[in-house]
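The following blocks contain the structures, represented as structure tokens.
Both complexes below contain chain A, partnered by chain B and then by chain C.
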Partner chain A sequence: MSSTEEKTPNSKSESWKIDLQQAGFVRRLFQARKWYGADWWFVAISTAMVMGFIFVALFPGMLAPYNFDQIVGTSFLAPGEYPDLPVLITRSDSTIKTLRDLAGPDNTEPSKVGVIQGSPSAVAVNEQSQQVDAQLVSENSGLRLRPRLQRFVTAKELLDAVNSGQVPVGVTNLSEFNLLAADYPNLHSGSSITSETATAGGFALGTNDVGQDVFSRLIWGTRVAIIVGFSSSIISLLLGLPLGLLAGYFGGTFDRLLSLVMDSLYAFPGLILAIAITAVLGPSIYNVIVAIAVLYIPTYYRIVRGQTLQVKEEVYIEAARSIGAKRSEILWKYIYPNVIPSIAIIFSVNVADAILTGAGLSFLGLGMPPTIADWGIDLARGQRFIQSAWWLITFPGIAIMVVVLAFTMMGEGLMEIFNPKLRER
Partner chain B sequence: MPAESLFSIRDFSVEYHTRGGDVRAVDDVSFEIRRGEILGLVGESACGKSTLGKGLMRLHRVPARITGGELLFDGRDLMTLDEDEMRMVRGGEIGMVFQDPMTSLNPVQRIIEHLTETILSHESKTTEEEAKKRAGELAEKLGIRAERLKEYPHQMSGGMRQRVMISLALALRAKLVIADEPTTSLDVIVEAKFLDLLRELRQEFGLTILLITHNIGVVAEVADRVAVMYAARMVEIGDVRSIFADPKHPYTRGLLRSVPNIQLNDAELYKMEGAPPSLLHPPTGCRFHPRCPSVMPICGEVNPPMGTVGKDQQAACWLYLEHPQKAEVKHD
Partner chain C sequence: MSPIALIVLIIGAPALILLLYIFIKGSMGLRRYILTRIGLTLPMIFILATLVFFVMHILPGDPVRSALGPKGTPEMVEHMRENLGLNRPLIVQYGVFLKDMVTLNFGNSLIGGHRPIIDEMSERFPATLELVIPASILALLIGIIGGTFAASKRKSASDYLLRIYSVIIYSLPIFWFGLMLQLLFGIRLNWLPISGRIDPVIGASLHRQTNMYLIDSLLSANWPALGSVLTHLVLPTVTLGLILSGVFVRMTRINVIETLQADYIAAARARGIREQVVVYGHALKNAMIPVITLIGLQVAILLAGAVLTETIFSWPGMGGYLVQRISARDYTAVQSVITMFALLVAIISLAVDIIYSLLDPRVRY
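After this line comes the complex of A and B, so read on.
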């Protein structure tokens, strides 16, 4: 290729003729699929997944419908199940939408509300009315809400009364109304009187034992998983990389002592060591990060040291010495950049491992404090109800699996592309 | 012409410490490199040529160590310098070109960075701009186009990389370049170009070159003088014409006769008897005596010193030396 072509890329050339030297970085990444094939798709898909998870972790408030510790419905609602809350039953043409619409001036006759004798909805009407009333008084609106309850024995009697206009409004649980709704085409179930958040559509992934939204907790839990995964991996990298470089480059007693320490750390079964550390430090997100970071320092140390030993023997290191490069220069400009590619790959796999270990610690009750939304905690809480509420452990479990899979796939794919030799070892 | 000595090596020895014992890869070698010459250093594989080359720059690393000798370079004994002063000599006054250009450049650094870094690490006062300018000028002289300086080593051919290696050695105007088998991995056409370049550089920069090779042809092509090594010792040194015309040491004779030539037929190609000795247990006396066609009894007992055998030619062989034992042993 002549030099003139190099300077003025021909924009008309066909796509397969594009010279990668002149193509932009993004286009080169895209073109790379042609010779990396399946590995490229592996990396592309998993990177998209990882990016997605990071996005979710950054903006959980935007994506989750509720806060993670908010009690939003009755407990143990299955995915998509309607919350069985007390609702207002009115005729379709009624203007009454909420309890507050029943309020009237102080001196007027209080409006009647039909309820079923001894049902929880009757209690709920009383409690809610008092709350609304107190609010009206504090607002000085001149209105009061002191409904007179008219009790019926069965739901059918109540609905008949509402239908005939004997009472303007009735309150029953949604499930009771739904059973008979077909017989009363004129009647209509309104909003819940107890909770403003309970929606007609139910909860996408159900609710847990205390009535928190499983989906929201899943979203908020992503934040903890990503924070733990990345911070602990970065800390181990920051410690393991320089130690490995120095030990590999200088060798000698320093190397032997350090390798002994690292090998003893490595010899511990991972989770046991993390359990020991967090058991001493106590449950907190910082302690979990520290425990996992300690766990993975030897991984980085060993790989960096091995690579350093290998790179150190390359001719270009000797050539660097022959032109009088300083030791620090050789370490920083010759060895370090040649060691880094293998580290970038290990890092991704390591994040997956760290997330798994973090969830494991929380599951055992040693990780996060229970006030934090975390998949491990959700799993631990859900496993007590495994026979009645499958959704409590299924969704956090799938979340952990998918995150770990995405990071591992990205790491393995990158390894295949950048460093195929590393895998053989 | 009676050229002035640039680098004078006296009784230089390098040992490798191995499990089997200490191996002397360079054993009491003495010679001198004259200013402005190209000295070819030839010998079989594993005879200590490369160890000698690296040893001259004190580039050896554990398990090798220099066990003795003097390295008088331009009036200074390199053996007395500390590591920091030695670092300034490397690259600054002595440069090195390695055998395999494919692996002797840092794969993650651009060519221009190699050059500027070399300049900057020796001259702290030079600014990066100046260094870049100088690197560009130098590269142009060596036939590397300016736009190629932005490339990475893997984008260049072997011949180009070898030019880059030379330019690294010249970046600081090194007086001596030690080229360790620089053409071994190049094809003959690139090799010829490279040798031309070496000659030009010597003219232009007044460079002195120590050319370590096992390729007799390369030496005949460019060298002014030849030094022949056998089993860690120097056996013959002298003017290239005299040695090629009239080799004195039996090893040199054998070596020159074993070079394939299109005019010879198969039967005439000489194959030396035996194999080079193990340096772990070298033969006593002259190391070549077990293979020597003209061996004498004394050869197995006393190591022959270097002796003058002709005009600007020295050899270490009892054939040309007098020794009281020589006659004595002969009579037995």
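After this line comes the complex of A and C, so read on.
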């Protein structure tokens, strides 16, 4: 640091040196850029991302088009690919949106529906109309749906008929319509008649092996990641912080024994220990949280203990002791505030690690029960179809990466602000 | 001779001779350091073993019941408990567990041919070594070269790129990264095989001595086998190696930056020594010392990464064995593999600390 201080004007360097010793957590966060050029926007961007993920985790239903275990379409649809289902073809100005809109009072002339002779869509219209009709009857609405099918030989004839108004509505498979759609700017394809959920817009990220929407599962999976990340980190923090403070402050045999245990635990490959714990306890979100929490206690313990040892020797602690401050007071009022910044850094990195470990456990089939929407489980399921469906293994991984990246970046940013020594300018 | 004995001989014997040599030739301080360090390793092994015992025996969950499944009658459960010694008092079980660990006698596997677990592990351990060693070398190479380069060109575009690289690598889930490599190089481009250690047809002709196929194929001069082993090795090694390299880039960069501010570097520059020589000759040597301790800590990441990498690439190593035995509910095998990992961690961190003390004479008790 010596060379850097000489470069900056004396008055300026003096002022921030004094400030730094008295600055609190929040003040440092906002003044760090002015004082020593740490990039607070790095923290800001990553915090915004983290907040965003927490929001998604809290309200997945708002953003996901479907439920995570809902079967919504044909299996193995590529991203953006149209599910090839029978759809309603209408003129753009038509008010008919669903098959049900064609229903009318019992005594009126049944409406006409154009279909292609002998095509599966014609069969689908019949079956689906009967279902809707039965429903209308059971509702006592007074309406009936008994469409009269008008058969055409080719898709072109059918589209011409709809275009000219000969029939109000036609039904074809979406792929057939899409082939000719360019020639009929006035026509548009509505929703599918067989499945209410399968929209004509396709699925943004495709569907999986059983026909669930990959995007919706991704959104719902955020919930598990955030819950596992935060809960396990909070548990480790609540155990590691007091143990570290006490061991660092009191020292002695207690400290030596505890440190030995913590160091051993720290050296042991975390994932493997978590594998052992979840293998014994069985897959459930609580067991995953417990298993991961155990792994990261030593991280907090080591840092807090080290900082406590350092701070303990400071003059102001000695002064406090000499005026008769109680031990608990010294620990709580003098030492504890000094470890908060490091805790904030470890915490955000820890959440990132916990999410990665949790996903790894699920990937191995040891984390979540298979009924939960979880990125690790989706990856493991997708691995079986790696030859044919690239989207199944691509997107959950990107989701894990982005969330972990946000937390890691937040840790990095906080580190730059609270540990300016690492940033020699 | 069993493969594991061969490997222990190949790696262990020279290490032991070296250790003895250092011990005899070294200074008083060094000798005391090594003794203390070995003295500290024993409690560490003990604590880790206790931890494993606690997880496997005391945590709720009944391995016998889950091994037998719903079809297990109470008599079968009782019989199996007796066979495994699970009906004895915990303290006795603990004693037996420790004894078995010291004698490396892990009992027989619960499934398949009921072979001794130590035999099953000794077949798979070489596979893990064959994956882990090249991966560590790759990670170190990328880490040292990249980190030093970034440090020497501070604040340049390449420095920022390398920093971003290390942050992104840190956030990559290793299993996903492996899958992406498989997708790209194995399936889209069809350049490299995506699973196993060797082509099964070529593998049949390979005479296995150490079960490290690289060494085996070299020893028997079986060139097609060597080619097949190498192509199978590329993707797993790159997966594991790149994931590890992020931390090394980061640590090397920070340490080189710190070293570059030392007075002796200023002196070297003042003497007019070329910048490249200053960075790579003078600074790197000292900066590497803390990085070496880091290698010791990375063993944990390396082993955990190996478990996931082996699972993705169907690599028949220790990690793959662990996962396979967990799903088969072979509880004795799971316990043995995890105990083995604990022993490995303790021994490797001991070795790294001893190397560290040789490189840096200031490290003494």
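FYI, the second predicted complex is superposed on the first by the 275 of 425 C-alpha atoms of A that agree within 3 Å, B and C clash if a C-alpha of one lies under 4 Å from a C-alpha of the other, contacts with A are read in each partner's own complex, and residues count from 1 in each chain.
What we mean here is this: contacts are C-beta pairs under 8 Å (C-beta built on N, C-alpha and C of every residue); 3 or more make two chains touch, one makes a residue touch a chain.
All values reported here derive from a predicted model rather than from experimental measurement.
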| item | value |
| --- | --- |
| Fit or clash - chain C, chain B, common chain A | fit |
| Which of chain B and chain C A:316 touches, first, second, both or neither | first |
| Contacts of A:324 with chain B and chain C, given as first, second, both or neither | first |
| Partner chain(s) touched by A:293 [first = chain B, second = chain C, both, neither] | neither |
| Which of chain B and chain C A:364 touches, first, second, both or neither | second |
| Partner chain in contact with A:50 - chain B first, chain C second, else both or neither | neither |
| Distance in angstrom between the closest Cα atoms of chain C and chain B, superposition on A | 12 |
| Set intersection of chain A contacts, chain C complex versus chain B complex | 3 |
| Partner chain A, residues of chain C touching it in the complex | 40, 43-44, 47-48, 51-52, 55-56, 59-61, 63, 66, 167-168, 170-177, 179-180, 182-183, 187, 254, 257, 261, 297, 299-304, 307-308, 311-312, 322-323, 326-327, 334, 338, 341-342, 345-346, 349 |
| Sites on chain A touched by chain C in the complex | 3, 260-261, 263-265, 267-273, 275-277, 279-282, 352, 356, 359-360, 363-366, 379, 382-383, 386-387, 390, 393-394, 396-397, 400-401, 404-405, 408-409, 412, 422, 424 |
| Touch list for chain A against partner chain B, complex | 3, 6, 314-316, 318-326, 329, 333-334, 337-338 |
| In the complex with chain A, residue positions of chain B that touch it | 54, 57, 59, 87-92, 95-96, 98-100, 103-109, 117-118, 121-122, 145, 147, 165, 168-169, 171 |
